[in-house]
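Just below sit the structures, each encoded as structure tokens.
Consider the two complexes below, in which chain A is the common component and chain B and chain C are the respective partners.
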Partner chain A sequence: MNNWAIQARPLPRIIAILSALVFSAFILLILGTSPLDAVALILSGAFGSSTKLAYVMTAWVPVLFCSAGLLVTFAAGLWNIGIEGQIIMGALFATGLMQTLQDSLQPGAVLILAAFAGLMGGACWGMLAGALRLYGNVNEIFGGLGLNFIAGSLTVYLVLGPWKRPGIGSTSGTQPFPSSLWLPAFKGFQVSPIEVLLGLMAMVFVGWALRGTHFGLQLKAIGKNLRAAFLKGIPVYQRMFLAFGLCGALAGLAGWVLVVGTSARHNLFPLISSGYGFLAILVVLLANLSALWSVPISFFFAAISMGSLQLALQRQLDSSLGGVIQGMLVLSILVTKGLQSRLLSGHGK
Partner chain B sequence: MKVELRDIHKYFGSIRANDGVTLSIEPGTLHGLLGENGAGKSTLMKVLSGFLSPDRGEILLDGKPVRFHSPAQSVVLGVGMLHQDPLDFPSLRVIDNFLLGSPEGGLLDRHRNRSRLTELASQFDFKLDPDAFVSDLSIGERQQLEMIRLLGLGVSVLILDEPTTAISAQQREKLFEALHQLIGQGKTVIFVSHKLEEVKGLCSNVTVMAHGKVTGKTIMPCPTEALVQMMFGRPLTAGRQCAVAFGKPLLELENITVSDWRLGVKSLSLEVRSGEVIGFAGLEGSGQPLVLKVCAGLLRPSAGRIRIAAQDMTGKPYRHFLETGVAYMPTGRLEEGLIAGMTLTEHAALVDHHPSLFVDWTLAMRTAAHRIETYNIKGEPDTLVEELSGGNQQRALLALLPSQRKLLLMEHPTRGLDVESAEYIWRLLLNRVQQGTAILFISSDLDELLDRSDRILVFFGGKVRILETCETNMLQLGESIGGRGFE
Partner chain C sequence: MDFSILIASVLAASPPILFAVLGETITEKAGVINLSLDGSMLLTAMVGFIVALHTESVILGFCASMGVGALIAFIIAFVSLTLHQPQVATGFVLTLLSRDLAYVIGNPYAHIPGPQVSHTPIPGLVGLPVAGPILFDQNPIVYLSLVTIFLVWAYMFRTRPGLNLQGLGERPTAAFARGVNVTVMRYVYTLIGGALVGLGGASFSLMVKPGWARPYGIEGTGWIALAIVIFGGWQPLRVALGAYFFIALQTAANLLQSGMPNIPTQLFSTLPFPLMILTLLLVTLGNAEWMNRVLNHLPKGMQRFLIRTLKTLQTVPPASLGTLFRKE
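And then the complex of A and B:
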């Protein structure tokens, strides 16, 4: 399961990044855009103004949370594809709690309780995927996919049904929360330092827990050799279950940020997870399971995602080109790793 | 078809599975390939059937050198192999399994092939329903299907790897009849086995292998003693002195019945006392690991009771066994024992069962360094285990066994170690024994079994005989492993 996680040397990695860039340039050329022009557009789209930078950071934080969570599940050798659903459930729980309590408690207290609600929501959904895998013998990839669909449909149901805006029920989401229930930010820069700090803290926490605790060491052992870990007396099921829960909790926090973040839409809407969870999977793969590397790479990915919006606005290209570039990067890294391990292990037999 | 293998070498890492094997098999003979487990028989046959490519050496069919790039190619050239564990598709029907691998074009002609299948089957008096699912078949029937499939593809050399391990007596008889019939048709059969009696009764020529080399060739009949000597390659020595008194009972098995999909051990009772060493002898797939795993709590017996240190452990989970003072050392070093990608220090930290939240890396490093010294491991605390050589991995595995255990269960404790290191390891183990630990170990090394154990349990096809080491010599043990005394 973990063959892909072999140590990559710098040279193959550089070759991979270069080949990804060449392929991306090639695609841009086919579409009739100069690659340099596109790069300039993406850069200005990401960093051209403080507002744009704020958008990049708004996208960065949920990816940070999810990457931190995925480091845990990947350490245990688990492919937590259900992370999108876990984000959604976090957002859903947070929204539900805020709707219930917004009139009866201080905004600050509501925000904090909502964070815990989001955490719980994500954790429950993660542990459900874990339970399906560990007790129902459903591979976490399929279980996660199924749970993603369920979480998405549940959102649609709530948005159109019980939680619809007064008068109109549209898929644009629930009634937005008042600005008192937004995370506070400095004037002129629409990202709350709280969300950025929490995201970074999540990453530090996970990096430290994986390295310095018995839990982290046991997860690593499970991920590398489940059977041997079991024989050494590690309670593998319990640990894997915890890993799912922890990842779900962090994804749930991402969901919370997507509701209460300064530049968020401040409501629950279908597809609120926006693919951030999947993006985080790419981040962690590219970072070769390193918490340290996940920080700049997730920022880089957020910048590409936001910057490529400019491609659509200014060159009538589809903004998903950013996704193409990201995907290309990860694929070429994985292919070089795969080829490397194949060459190293020799001749198949 | 005449089969010749010339100077075949096949290495797996540092293990020389085949070390210059030369073998020639005349057409129309039933040739036995005999040897203890790990002798290199299966590897050699996999080379001959295209599953493995040799590192060096030549294969000649009817005098023409051939080079296989896949098993399919070897079948086309006339060599087919029946593997020890059937390589079929249990979820498919018999007829579809029969058709798999057939070189026909795009469309399946089930109708025509159904009659071909039944015809071939009836030739050997096999009863196979083409529409049955393979998962509903017994191992013997699956073997028959695979044999017919290969013959249907036109092979003229048929290799059978330990074909009688998991089949009933009637099926075995039928199989042997079929093999004689094949010889009558001029085909060549290579019968790979560790069972002396079967090889003696069936084959006209026998080649014996040990440690990756051919150690003897003979035309049957040939006295058993000569075969045993070729198989185990050592002079026959006398066993050890009768043992003294032991401590109180530590492990009690009472009418244990346990089985996997291949074979079962029925109604085994055994009492192991504190300070006793018990060796499990027998060839691979005879049931030793089943019993050892029952003692470790890794397999649940279908009947019987197990007690450890006077506690009833029947049906308890593995962790409970560990807590009671059992330690289990598996045979697969990098498969089950060690964790590739982790260092010796990380391993030391992992088995250090302190309930603390944080890892004390300084302590773990010191522990690792200490164990490296005690067990003479060629490596550093931060060496990744997969970078150690095989023998050093074995030492690491032993070094990581927790101390102060009541019962040590070990599969092949000194496999891959030179005589001197094995001696040293056993001294460390016997230190524990003197403090009251009991050891149960599986070994295929007769010397080790006779030198170290107080009693030997010999396994043969799931049946068990208990030998007192002091009343047993190498010849008796060898013959017993080959099946004598079990009929």
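And then the complex of A and C:
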């Protein structure tokens, strides 16, 4: 339903995108960079060569997984800000499993088992945030944030302590895995079809679960009105707990991809989540909680991130430039959506 | 180490977080959540530093930061109160946007020495035993932070407009019936709160951590400030106490860290966060339904003790926090 609403009124969306672009251009002018030059650099940085496009694709996959997970928690009206920590725990569990089993099992089996380990790690961390919210009354925003920082410091501890590289441990991460434990990629085009397919499948699965299953409808009912859902006899707590777990599991898979994927560093390092989870929150907000729209928007955001990274390198700017453009886009969509509904409701009266 | 020096250093380090928690308390008392603290403190810190550097005036730097803090608060108020879009979403987007803006615009100014607040002992009072070196051997921002705690408390609990402010967050319909323009007053308090957050940001870059860098080193503080407001139960004095408690722990951790060089520094810097979860758990557990069931099975004496402890710790948010007010 929501998707059609977006298509039916394209004008406010166009205005929102234009105003975000104008604001970003203004910032660039302050910094002494020509906006047209910047656009050209961003485009060539994202799509200029097949290698760059491959980078965009590989940055797209973790955002896809996280957006799929967040659609579940947002449907239940939950703000799963702990998603960054859930990615980290996924990567951490996957790394741990691969370190223990890499010498005793076939590489393929290790990769698959690591995916399950990542899934479990993310799900555990998600359900911990859920338990704090549901049984401890700790708001999921603060519980999740705290857990993000704890997951981060756990990684630092492991990287510097028990899992340190032979010789001196440094924050650059654990010993990288051999190439037999990387997801197989095309020869000329460094993207693994497996990760892209899995990411898209996750989105399809969530889109289907939210639309066509009892569980999805119950979650939506909880998100719309918690009290009413409870009075209707929906096991509210259990469903919300499951939503946290499912979102965490998908974020954990993103963590797995960040360890074994094609453009990964193939090890565990601090800050491995790289803000993909927070980026996915912006994606889902911009997509108005639609699974269908999350797919192109997350690709677009991955392209902005990668392209503006190139721009920042070439023009000695800060690498957060992409974040400014993305944040402005979501903010201006919120504003135009509000203006539109206010103006329309004004006409109605 | 001399104990009074320790207390004086806690007081000297506290203004940034103190202004931020007091500002957020005012905003939330009025029923609005400004979730953007973690980003807006970074952005206002950066702006305050740059303005003070260019104008060579620390005061103008503080003013600019307050302006930017109020501007961010205005965006939240406008999008949520006027345009009826979700408050938490707006706040979260602004958190990320302000943070990234701070990094991008502040990039050329990283690691440049700049002006900072000068040390100003108060003549006459500084000679007092104990209180002299603790309270009166500081800089103007520390004095201002102490006065602000008192002013916010007195305004909220000792004046009529302060009573109306509480009404805005508790029962906006009742406030409206008494002739208060709910939306306008929520705007006013959100802006004031945002300006105080900006003052906090500038206190970082012009006083506690002079200058600018990426990472600046205060990332995460805004979230802690939001948690302290909950811990402090939206009461200015208890909130201020929470802020001092946090700074004291931070100082203690710094001292411990220098005593234990084997432990990685990153571990100490994340120490506040498990603590944040634990304290939030403590103040909210009393609200949980299963807690009452567990308590009923305990022996009488213990039960009474636990209930009393939980009730003392327990905090309850303003009843209409984050909700929209519509004139019916």
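Everything that follows uses one rule, which is that the second predicted complex is superposed on the first by the 326 of 349 C-alpha atoms of A that agree within 3 Å, B and C clash if a C-alpha of one lies under 4 Å from a C-alpha of the other, contacts with A are read in each partner's own complex, and residues count from 1 in each chain.
Just so it is clear, contacts are C-beta pairs under 8 Å (C-beta built on N, C-alpha and C of every residue); 3 or more make two chains touch, one makes a residue touch a chain.
The structure presented is a predicted model; accordingly, all values stated were derived computationally and were not measured.
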{"item": "Between chain B and chain C, more extensive residue contact with chain A", "value": "C"}
{"item": "First, second, both or neither for A:Leu339, with chain B first and chain C second", "value": "second"}
{"item": "Partner chain in contact with A:Trp60 - chain B first, chain C second, else both or neither", "value": "neither"}
{"item": "Partner chain(s) touched by A:Ala221 [first = chain B, second = chain C, both, neither]", "value": "first"}
{"item": "First, second, both or neither for A:Ala229, with chain B first and chain C second", "value": "first"}
{"item": "Where chain A meets both chain C and chain B, residue numbers", "value": "none"}
{"item": "Chain C residues within the chain A interface of the complex", "value": "35, 75, 79, 82-85, 88-90, 92-94, 96-97, 99-101, 103-108, 214, 220, 223, 226-227, 230, 264, 266-267, 269-270, 273-274, 276-277, 280-281, 284-285, 287-288, 290"}
{"item": "Residues of chain A touching chain B in the complex", "value": "2, 5, 212-218, 220-221, 224-225, 227-235, 347, 349"}
{"item": "Of all residues in chain B, those that touch chain A in their complex", "value": "51-53, 298, 318-319, 322, 328, 330, 334-342, 346, 349-351, 353-354, 356-359"}
{"item": "For the chain A and chain C complex, residues of the former touching the latter", "value": "27, 30-31, 79, 81, 132, 135-139, 141-143, 145-147, 149-150, 152-153, 156-157, 160, 171, 270, 278, 281-282, 285, 317-321, 323-324, 326-328, 330-331, 334-335, 337-339, 341-342"}
